[in-house]
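Each of the next two complexes has subunit A plus one more chain, namely subunit B in the first and subunit C in the second.
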Partner chain A sequence: MSLLPDFALMLLILIAAVWTVSARDRRDSVIGFIVVGLLLSLAWIRLNSVDVALTEAAVGGGATGLLLLRACARLGPNETEGVSLKVSLRILTGVLCTVVAVALATIVLYPIEPAPTLAPTAAAHMGEIGLGNPVTVVLLAYRAIDTLLEKVVLVLALIGVWALTPDPLWGGAPGSLRAQHSSGPLTFLAQVLPPVGIVIGVYLIWNGADRPGGTFQGGTVLAAMWLLVMMADLREPPEIRLHTLRRLVVLGPVVFLVAGFAGFWIANGFLSYPPDLAKPIIVLVEAALALSIAVILGMLVAGPAARAPR
Partner chain B sequence: MIGSTTLYGLCATGLVAIGLYGLVLHPSPLRKVIAFNLLGSGTFILFGVAAQRGAAAGLLADPVPQAMVITGIVVAFAATAVAVALLLRLVESGGSTLEPSAPDPQDDRPS
Partner chain C sequence: MSLMADTLTIAAVSAGLFFFLAGTVGLLRFPDTLTRLHALTKADNLGFGLIVLGLLPQSPDVASGLKLVVVWLLVQLAGASASQLIAQFASKGGPSA
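So, the complex of A and B:
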């Protein structure tokens, strides 16, 4: 097959990356980064990793982009960098980066043969558990401990962000996400899209067992719908002291942990499932995780409390 | 003849180099965070290349590196959120000299 589309995509990614690093204005840089994220999700499809493509588009480009754009707005538009760097320093850094690039390119061009792979092991687990999506099998059965720890990292990150709340504002709501000028189309979108988006999110979660999709992708779509509603000012971000909010944040990891410890009684050990019950348990864990992910991602973008509790 | 997988591997190499350059040279912390994310994206694509080369047992790509990258992307987002929150707090408390010293007062802050 012709390499032309791949080559064009590669070129576009690299141009967007150079723009991201070299743009003078930081908002331009963030927009460049979002473009890189979206182009990379195309690259992931070309690498036969549709699950990763969905995650990259939703989290890598979308959620991170929104977070950075919001930071730009808070920092103000002026980017006056008074520090002028010496040419020698630039050249030295350029040499360093070239060395790193050449080393990595050597690994890419002369890889070890045969290529190491864990695909047969993962495929064996697929047969045992009865799910059709190998990535979901790896995430929730074969390497479930990684996924569990990652959920804990998300909760810790949210605690870290909330911990940056100034003392008098503790327990209050994060700053409003609304745009500076209210816009009709945005409000309209925020009223029309969420029902559709919620169905798509739930579909991705439910379908993730057998086809591309899963908790992360579905959870991020749910979070995006919630953020859209907050940006259009139809709903304010909730106060971070609310017990419902905090319970939703820990729901996923707690369900996952309970299912993990239950493995000691009903199967061979921590995070192992009996074959005939594996699918219902995994779907239950996925549903709880997706809800927690949606809430955590939304609150991470909203940031620490900026208003005193009412 | 170079295959498309190798091509994406080289693309990842370029992303890592560009990200590293920005990370080292940009004085502004926000730009460093963005550059670091670029570097991370390049690393993730290298995982994708490994996954593609490890295709076996009837699967189009090795699912283990894919699962690791999905986990990695989410963790990178969480770390970016913490970094941005720290950065904004630092600027608002007047601790940084590189970002503009006083951002516009937020309309939603208590008076």
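So, the complex of A and C:
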């Protein structure tokens, strides 16, 4: 009986996924992708992975969906029809997808007994770090190097987007995010929601130490508030040559690297923390990372500079 | 006491589900954008409001109850704003592409 909602959810995800792939219009398929993201986050909640669910909803559905919608708006309507893959490429894609599906199904249906797991070891040492959320412990203590590289990739992505700026406009501001028609309700929302949203974003970051939440989810919420303000035309996107903006972009990775190298002196190696200082260091790194993520995501959506610097 | 709380939960959540059902039927059956939005807001406001009301007696402490109410208020704000935006877009001629 309790499996019934799960089956319904699985069916919905499959329908939405098929619809996303088969939609004729590009914008329709982006909307389908956002729906799949939201449904997947429900599935993660059913699997008791609230951290993953929050990330999927904020990043998979929200931020990525917004990026894709902006990309759609940027491409002209003429380019809609041009996308037709060769038959051989389609067959190859189908074969690869089938291989992945069969491999996953095999693992799920015939699991190795006992399943290889590091969970007991990870849980045993959580007390030494002083955090209560195992996901945050893995992300920022055990596998901190992965998390660090992830954030560096975000900076590289932003550099890639900025590199698309035409030479005469270099250093200028991205094009306005304003909607075609100015709208009272949107302005109202952009004035009422940010104070609440900022509190929720900071709450998610702070909460990440002991309960589900974390830098990426909180940073995305902060970015969403900033984007809302830019879309309602209450603030223009900043010029990309501004030093304050660039410092904020690299703040997170730099703090992370400094904390990592400090590990050589105060603990026993790169990215290792002394037990009694672990929690303050991790919280500091998380705060800096969240700020950088918010700025990077906002500027990624805003896109390359479209106006000459003033 | 817990029997009363459970009865309230069952009654309110059932009523909320009824509004969601009615809203979905309206969304599928109504002839144009504005009436469909009207149906949708019934599900959002009343349906979700009743479900939150029904869940309140089940929340373990006051803080969780308050969080539920905040979620309801945020959904109200988001739903109302999105409906206004869609309605404005529709009244200006709908999707051009």
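Of note:
Throughout what follows, the second predicted complex is superposed on the first by the 282 of 310 C-alpha atoms of A that agree within 3 Å, B and C clash if a C-alpha of one lies under 4 Å from a C-alpha of the other, contacts with A are read in each partner's own complex, and residues count from 1 in each chain.
Operating definition for what follows: contacts are C-beta pairs under 8 Å (C-beta built on N, C-alpha and C of every residue); 3 or more make two chains touch, one makes a residue touch a chain.
A quick note: this is a predicted structure, and the numbers were derived from the prediction, not measured.
Superimposing the complexes on subunit A yields a three-chain arrangement in which subunit B and subunit C fit side by side.
Measured by the number of subunit A residues touched, the leading partner among subunit B and subunit C is B.
Of the two partner chains, neither subunit B nor subunit C is touched by A:P238.
Contact with subunit C, but none with subunit B, is seen for A:V192 once the two complexes are overlaid on the shared chain. Shared-chain residue A:G171: touches no atom of subunit B or subunit C. When the two complexes are overlaid on their common chain A, residue A:A306 makes contact with subunit B while staying clear of subunit C.
Per the superposed model, the minimal spacing between any CA atom of subunit B and any CA atom of subunit C is 12 Å. Chain contact summary for the complex, subunit B toward subunit A: residues 2-22, 24-28, 30-31, 33-35, 37-38, 41, 44-46, 48-64, 66-71, 73-82, 84-89, 91, 98-100, 103-104, 106-110. Note for the complex: subunit C touches subunit A at residues 74, 77-78, 80-81, 84-85, 88-89, 92, 97.
On subunit A, the positions that touch subunit C within their shared complex are 25, 27, 77, 181, 183-186, 188-189, 192-193, 196. Across the complex, subunit B is touched by residues 1, 3, 6-7, 9-10, 13-14, 17-18, 20-21, 26, 29-30, 33, 36-37, 40, 43-44, 46-49, 51-52, 55-56, 59-60, 63-64, 67-68, 71-72, 74-76, 78-81, 83, 85, 89-90, 93-94, 96-98, 100-101, 104-105, 108-109, 111, 115-120, 122-123, 134-135, 137-139, 142-143, 146-147, 150, 153-154, 157-158, 160-161, 164, 168-169, 175-176, 214, 216, 293, 297, 300-301, 303-304, 306-308 of subunit A.
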